[in-house]
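In what comes next, chain A is part of two complexes: it sits with chain B in the first one and with chain C in the second one.
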Partner chain A sequence: MMTRRFWFLFFLVFLILLSLPLWGSSFYMFLVTEIIALSLFAMSFDLIYGFTGMLSLGHATFFGAGSYIFTLSIIYWQANLWVALLLAINGSAIIAWVIGFFAVRARGTNFIVITIIFSLVIFYLSFYYKSITGGDDGLPLKVPDLVLGFLSISIHDNPMANYYLVLAVVSLCYLFYWRLIVSPMGRLFVAIKSNEERTQYIGFNTLKYRLISFVISGAFSGLSGALCSMTTHYTNNKLLHWTTSVDVVVWTIVGGAGTLIGPVMGACIFTFFREFISFHFKQYPIVIGMVLIFFIIFIPQGILGYLLGLIRRERK
Partner chain B sequence: MGIEVHLFMNMMNGLVWGLIIALIALGLVLIFGLIKILNISHGEFYMLGAIFGWYLIQYTQNFWLALVLSPLLVAAIGLFIEWGILRPTEDKPIKTLIVTLGISLILQYTVYWFYGGSPQRIVEPFQYHLTLFGSGYSGYRIFVAILSMAVIALLGLFLQKTRIGLWIRAVKQDQEMAIAVGIPTQKVIMITFALGSFLAALGGVLAAPIFSVDFLMGLEVLPTAFMVVIIGGPGNLMGALGASILIAELEGISSVFVSPTISRVLSLVLMSIVLLKRPEGIFSRARR
Partner chain C sequence: MAECLLETRLLTKRFKGVVAVDRVDFQLMKGKLHAIIGPNGAGKTTFFNLVTGGLSSTEGHIFFQNEEITHLPSHEISKRGVARTFQITSIFRDLTTKENIWIGALSRKRFVGPFSEASRIFDLRSKTEEIMVLLNLQDKQSVVAENLSHGDQRLLEIGIGLSTEPQVLLLDEPTAGMSAEESTRTAERIKKLSEKITILIIEHDMDVVMGIADLITVFDQGRVIAEGSPTEIQDNPTVQEVYLGT
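And then the complex of A and B:
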């Protein structure tokens, strides 16, 4: 019953997304493309926070790194689109592995502190190497054509192709995540969240699995960053900034951690909000801070968690 | 200027900066020792101290008034934040941490609203220059170092000799036992939070004439303050003092030879090594 309703909603949303280019204006298509790319970031953050129970406040590092690797590999090596995307995934995975190597050894508050410190220092580095990163002016980007066998499709001037490419990649990633969390390894992540000590007693090397979760999350955050710069034809070091890390935390907590779809809803709500409010009210982070505090104190399970709770109560 | 003069200058600057960092980090460590939460908005108290200082100096032209009044104002804000916002979640450290994240956003952008985004400067309150090693050194910075040391010594006396200090130490050791023997724990936490905000804001006013004042300056000291907490050991006050000076000197001395950003990365490496080898901090007695 529950699952049928879920699949119905799922296909409805998917159909709406598939048909969007037929009826949406170009502005909305651009916005929705960006939201879909960002929702991969939100899901990746949810994997380590909602499932493995590690709060990283430095996830902007991977998002920004993916975006920069994508952009720089195209600018300097004229990389093919697929190669650039793969480089972005692998590059951010390596960065996540290096930071994670230190971070997963720390627990609780120390873990959070280390992710903050690393991300802030990397942000400073991006300022220092301004000649490469473009600093806060950023780097413009000419996205190469998408090559599928003998077919070559322009992504740069064709928002519709770009939209479908982003939608396809993110849908695949969603299926991957969905498969991952029901797999034994995904169960193990949840076990680590609920009680790491007991998981160790059963005989699992929890450090290893925490690191795996961190690296997967980092790699797909990087892919999300790459998809974002593919859409906006642009990257700057604001993506590496602390506020990007805070954004994803807010999406996840407001949407509902540990639900995979909840953070996507959060990303959707806040991106729309930012798009329409920031023009009139430049201090909108004040509102974000207030919403965050409200949710933590009164609805800690987030919007989707709250709704699921309602459904569960109704069934009893 | 020879390299040894340059080196000496950087060591002096490192000491001054280290003592300011110590003022900020001591508050952070005090709060962490008590309720095991890491206050992300702590950097904002430093920023607020400098901002209030700037406003007070604009209106009264009196640095000394700002030096006293601004930390008191910030302490009142800290008191309110602890009492009004943090208390409902204080038993859950991660939740409280996220709440302080929200507070940080609210404080930063409220300041941005009224104060604007561009950095402002405060002139040094007195233009006295000492001659050290054949070159001038700002007397104000020497004053900052001496005042910070005096405040840190006073803090130590306060914790060791007064009744509230005793209570703070008791709550730090065992909160439940402290309640059992009749210590008003909530009040102690509130006072400690206000004390921590006071110290950070004092650091902010003192640092304002040396650096510029803007709404993101809290975010800039945050990584350094956190490194201090990790290197000194969480909840360890003497460790925090030592680590502050160690980090500031490391960054100061190494910046003679390499760029400041690289020296920042060096302290990051130091922190990572400490974390792997001695997670309880380098100044704690080995307890395994």
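And then the complex of A and C:
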């Protein structure tokens, strides 16, 4: 009964998303495209925080790196769209591997501090090399056409094509994550979160698996950054800023860490919020802070975690 | 001649001036149920931590099946077949009983895949099933571990150890915090387990050890002060002095 209701809901949401360009205004389509791209960032963060138990406060680094690699490879090398996206994934994965190599050796507060320091260094480097990165002015981008065999589809001037491309890529990534968390490796991530010492004593090199989790998360965060730039035709170093790192933490905690979909809900709520409230109310970060404090104290399991708890109790 | 599974030579651990384990020569023979006893602070748990790789020794050597394992990390030592439990229960509190044991069994797989569905790996499933039946935990397989009774949590901890298919099982005070009745039942279970597997047990409760151990080693202030059968230990005057307090 439960699973049937779940699938019903799942297909309903998917149908709404599929048909959105037919009835939504161009403004909504743009906003939803952005939210879908950001969802991938949220899920990727949830993998390391909600599943593996590592709180990174420097995830903007991978998001921003993906966006920059995508943009720069198009500007300087005239890269094909697929190549640019692949470069963004692989480039962010390599950066995540280097940072993760040091970070996973630390735990708790030390881990947080290491991720913050790396992300600050990279943020300030982006100012230093302003001639390349454009600094806070950013870089405009002409997105290359999508080539599918004989077909060549314009993404730059066709928001609908862009929308479907983002939706397809993120859906595939969702399937990947969904599979990952029920796989042996995913179960192992949860075990490490639950009791890392015990996991070592039963024969797992936990550093290796924490690094794998970190790199997967970094790679897809980078892809998310690339998809955002593809949508906005623009990148700037605000994407690398620590506030971007905090955003994804807020989405995940409010939405429900360790649920994959919860953080997506969080991304959705806060992006809408930003779009409609910040226009009229300049101090909106204060509201976000208050919402976060409220959730940490009263609903630490997040919105989706809370709902799932209700359903479980009802079934008993 | 019995085979020596685990051996330490002049094993020493110093913490800032305190010698926790002091030149310990120790041998664990295959198939035995060997107990380590001693007063608080005698260095029993430190000895366990050294042998399982949780701590690195200051001096001395550790051998397992005639291979040196000194300074290896704990996951490597586990891979060679040494499993342990902890004095303070260390389980996966937010996983179910079944998942706790399943994760241990997974550690013997060469490859931990990111795609296959975990619940469909049949050999792991039957292995998990087998251990739950052995420890009489099969009725509680879907209970989240933190909701188990203290006694069941202690059992589950042994189950996690067993699931890694070890050659030796090191038990650190398995009856800690149990009622007298539970202790007796656990001791019987351990005795039964020792028919299949070599066990090294740290125990505080003298009665538990005297009843089941083949061999007893007594630690005091980091050193081995006596070794022998339960009756020999009971009659040993040095042991009576430091441990039994008579």
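Convention: the second predicted complex is superposed on the first by the 316 of 316 C-alpha atoms of A that agree within 3 Å, B and C clash if a C-alpha of one lies under 4 Å from a C-alpha of the other, contacts with A are read in each partner's own complex, and residues count from 1 in each chain.
Quick note on the criterion: a contact is a pair of C-beta atoms (placed from the backbone, for glycine too) under 8 Å apart; a residue touches a chain by one contact, two chains touch by 3 or more.
Everything numeric in this text was worked out from a predicted model, so none of it was measured.
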State whether A:Ile132 touches chain B only (first), chain C only (second), both chains, or neither.
neither
Open item on the list: Quick check for you: in the superposed arrangement, does A:Leu175 touch first (chain B), second (chain C), both or neither?
Closed with: neither
- request: May I ask you to decide whether A:Ile253 touches chain B, chain C, both, or neither, giving the answer as first, second, both or neither?
  value: first
Notebook entry, point to check: So, does A:Leu9 touch the first partner chain B, the second partner chain C, both, or neither?
Noted result: neither
* Asked: Counting only touches as set out at the top, which of chain B and chain C does A:Met290 meet: first, second, both, neither?
  -> first
Chosen between chain B and chain C, the partner touching more chain A residues is B
So the chain A residues that chain B and chain C both touch are none
In the complex, chain B touches chain A at residues 32, 36-38, 40, 85, 88-89, 93-95, 97-99, 101-106, 108-110, 112-113, 219, 222-223, 226-227, 229-230, 234, 259, 261, 264-265, 268, 271-272, 275-276, 279
In the complex, the residues of chain A that touch chain C are 179-180, 182-188, 190-191, 194-195, 197-206, 209
Per the touch rule above, chain A residues touching chain B in the complex are 55, 57, 102, 105-106, 108-110, 112-114, 116-118, 120-121, 124-125, 127-128, 242, 246, 249, 253, 282-286, 288-290, 292-293, 296-297, 300
In the complex, the residues of chain C that touch chain A are 52, 54, 73-75, 78-79, 83-84, 90-95, 99, 102-104, 106-109, 112-119, 121, 160-161, 163-164
